[in-house]
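First chain written, first letter: the chains are A, B and C, and each begins at residue 1.
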Amino acid sequence: MNRRLLLVSVASATLFAAASAARAAEPIRIGSFLSVTGPASFLGDPEKRTLELYVGKINAAGGVLGRKLELVVYDDGGDANNARTFATRLVESDKVVAVVGGTTTATTMAAVPVLEEAQIPFISLAGGIEIVEPVKPFTFKTPHTDKMACEKIFADVKKRGLSKVGLVSSTAGFGASMRNQCLKVAAAHGIEIVADERYAPGDTDTTPQLNKIKGSGAQVIVNADFGQGPAIVTRNVKQLGLELPLYQSHGVASKSFIDLAGPAAEGVRLPAAAMLVAEQLPDDDPQKKVVLDYKTTYESTQNQPVSTFGGHAYDGLMLLVRAIEKAGSTDGVKIRDALRATKGFVGTGGIVNMSATDHMGLDLSAFRMLEIRGGTWKLLY
Amino acid sequence: MSPGTRTKLVVLGALGLALVLVPFLLPSAFHLRVAALVWINATAALGLALLMGLAGQVSLGHAGFFGIGAYATALGPKHLGLDPLLSMLLGVAAAAGLALLVGRPILRLKGHYLAVATLGLGILVHLVLVSEVAITGGPDGVQVPRLVLFGWRVAGPEVWYAITGIVLLLAAWIALNLEDSSTGRALRALHDSEIAASVAGVDVARHKLVVFVIAAVYAATAGGLLALFNRFVTPDVAGFLRSIELVTMVVIGGMGSILGAVVGAALLTVLPQALTLFHDYEHAVLGLLIILFMVFLRQGIVPGLAGLLVRRRPA
Amino acid sequence: MAELVQLLFAGLTTGAVYALVALGFTLIFQASEVVNFAQGEFVMLGGMVTVFAYQAGLPLPLAALLAVLVAVATGVLLHRLAIEPAKGATVVTLIIVTIGASILIRGLAQLVFDKQFHALPAFSGDAPLRLLGAAILPQSLWVLGGAAAIVFGLWLFMERTLLGKAVRATAANRLAAELVGIDTRLVLALAFAVSAAIGAVGGILVTPITLTSYAVGTLLALKGFAAAMLGGIGNPVGAVAGGLLLGLLEAFAAGWISSTYKDGVAFLVILLVLFALPHGLLGRRAVERV
């Protein structure tokens, strides 16, 4: 243990030395707070890896405005109170120029007041629609909203000539938020929610819930959750022999879902960003180059399959870098104005067109409908 | 001056001095914020310290009361148009009411059975906060309006530092008086042996209930303060891990000690900030430190260090 | 009928894991009065080590054996490096030590392994068996059978072996046990080792159904503790009964009452049981000596 402590202190001393050397060249400090551990580590971990990876790459290529980037990342463990403290720390102690982070809607919303007050541009990586509606002057986000996922799924259900949906969701942040949105937009899409079952995060069996859906007359099942839950639901659906089409959300958009759910994942549909089907995109698809590049870079350096969550972090960082370059300055208001003026930015999540009233800049076209076939993603449309 | 009064003055003096001196040592508003969080956590831990130290009862669901205070402060203005401060007071009253209601049957249980019953209580509160999305906002949390006192917008870490510090000082003063009161003496007797105390004519159940309610009031007050300070709450504040954290604060600081609760709260609030230095090793180091503290200062930091000092002194 | 059987098996499978965790709690509690909140981490280690050893190319039985050994080593180290040095501290202090240990083990696991979820292949296929209209996974039978075998083995050990009798003697009266020459330190170390092994086996058996990650231990410790208390702590039969009952409560509450409040229903029942029976379902009434 002593040796490890020594190693850590040597490492931090070197880091410190590196930091003071860099100060001479005035690096641009970018802050981040992510849920690297805790229930959302599934999302936060690839986000952190992506930010570190690409800040390194950008610096190797000469930095931004001739200056190096310096990344300060904190792990909020998924706790909103921690997120707020770290946001304050980024503003007060680390004096960052901008923040790319906020893995969950709760951690994001806890930090928003701090960053808004300090007039620091903040690009969130969380899905909740309340992050950008109503629009807050300095707050942006890169992922699609849960509402869009519901709409995309319901449109596909209607296309199949079906309308009765059995909803099963986790009571944790992502699942609860998407369930809400789905309940809200169902009627407008001619969808009837005939069952609304829930399970707690960490639950290892959902057959009681699915059994109820079985008896509810549902024609399709929609599952809103990320991480382990969807894999268990998918396996349970198969176990119970429910012959109903199963929809998952963009929350499962990583290869590990297919590994975890195994053969039961066959035929599952989900709305997701283009990343998972990078190779299948037609050559004239504007996103093809971006997503293929990111995918190759990530998988070759991290030794784990790419997920769309890391992609959100990539989009956030690139949007910010672009805005700083366009603003030609690290002034918060100028960066914000440049972010707002983003037009035609091609990211892993879609093509981003922001405005003063739209701080996300994605539309439904950013979502692709995928189906799992033969143990891999198949692009439907 | 009686020994009781002397202890009281020493503890309050030490605490007051810390409150006044700490801001001069802190370089930025961020550090002030962490200090304010320490005072808030210390207030909650203090109540629990009374329950554990004085009455010898463990609660593994104390964050439930914390959550009630926090959510009342958030939801009163949102749904009923009430003033945030009034909502907070109502929340404290609600927590006290709940403690009073469930206190009798729960406190009949002993040791680990009491622990699991309070654990269940905390989980029920947390579950309601997570599930009743239409009222509580669910896991995504809910905003809290800014506190306005007679037209003065309460804002800024300095102001909150002062408010939370004064509340803690007040809480410590009440706790010290309680320890010194007839209830305190009765409870100490009860801690030593419940049966002996009841044979001696002490109304065991009533005294335990009093401390349980006071502990709930402290937690709910702290919860309300956190909500007003952060202006945002999530169900995490009422979660199981938060309850465990509060118990750890009390034990690590020193179970029978009021200063101990403050030191324990300071340690567990500041450590995660300091440990960010270790990056990925953060959690492993935190776990290791908790073990080391408990092995080497098993009575807790404050009584443990005091014991060391006394032993050093030549007899 | 089909629904009843379905819920019954769902509850029993989940409950069997709770029962194994509760059994681990009980063993250590009997020997030392320590409530070991790191008990869930043994289940995590069982699953995670097996997954990683299996991925590294070890055959499944060998990977499982390795996992049990790692868990046992962790249990013995926990006793040797944390519980033993804190000997004589109050019960609450020892509980905090075990909480610190669980944070440490989890913190190391996220470094040694990773933060992703992992699965194991089912031992005898994924094709569900049909029983009275319900669909049951063969792995569920593995879990139930494995849990039953562990309980039976433990009973044999406790009743029929000298070492087992020493454990029971220590549990009944530590001082008296020491007086008749039982090395109570060894007994305590043994209790940690056996608890760790039980947890690890549970983790290996359920991972094909429930998946695993570095963080699964916390929730299991919480549920296992509740189960142990429901049954009455210190009583192995109570631990098993409490575990199964908690699993069944959750399944039937989810199926028949409200899936949102199923955990609430389970804890409400625990509260009511304790109000009526302050020492759990099968707990002994301890007499306080004045």
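Remarks
Quick note on the criterion: a residue touches a chain if its C-beta (ideal position, glycine included) is under 8 Å from a C-beta of that chain, and two chains touch if they have at least 3 such contacts.
Nothing here was measured: the structure is a model prediction, and the numbers come from that model.
Taken together, the touching pairs cover every possible pairing of the chains. Looking at B-C and A-C, the interface holding more C-beta pairs in contact is that of B-C. Averaged C-alpha coordinates put the centre of subunit A at 35 Å from the centre of subunit C.
For the pair subunit B and subunit C, the distance between mean C-alpha positions equals 31 Å. Counting only residues that touch two or more partner chains, subunit B has 131, 281-283, 288. Annotation for subunit A: residues touching 2 or more other chains are 37, 171, 198. Shared interface positions of subunit C, i.e. residues touching 2 or more other chains, are given as 110, 260, 263. Residues of subunit A touching subunit C in their complex: 36-39, 41-42, 45, 171, 197-200, 202, 204-205, 207-209, 211-212, 215, 227-228, 231-232, 235, 238-241, 256, 259-260, 262-264, 304. On the subunit C side of its complex with subunit A, the touching residues are 3, 6-7, 10, 13-14, 17, 110, 114-119, 126, 128, 135, 137, 206, 209-211, 213, 215-216, 219, 251-252, 254-255, 259-260, 262-263. For subunit A in complex with subunit B, the residues that touch the partner chain are 1, 4, 8, 12, 37, 74-75, 78-82, 84-85, 88-89, 91-93, 104-106, 109-110, 113, 128, 130, 171-173, 176-177, 180, 198.
For subunit B in complex with subunit A, the touching residues are 27-31, 33-34, 37, 130-131, 133, 138-141, 143, 226, 230-234, 236-237, 272-273, 276-278, 281-283, 288. Across the complex, subunit C is touched by residues 52, 58, 105-106, 108-113, 115-117, 119-121, 123-124, 127-128, 131, 193-196, 199, 240-241, 244, 247-248, 251-252, 255, 280-291, 294-295, 298-300 of subunit B.
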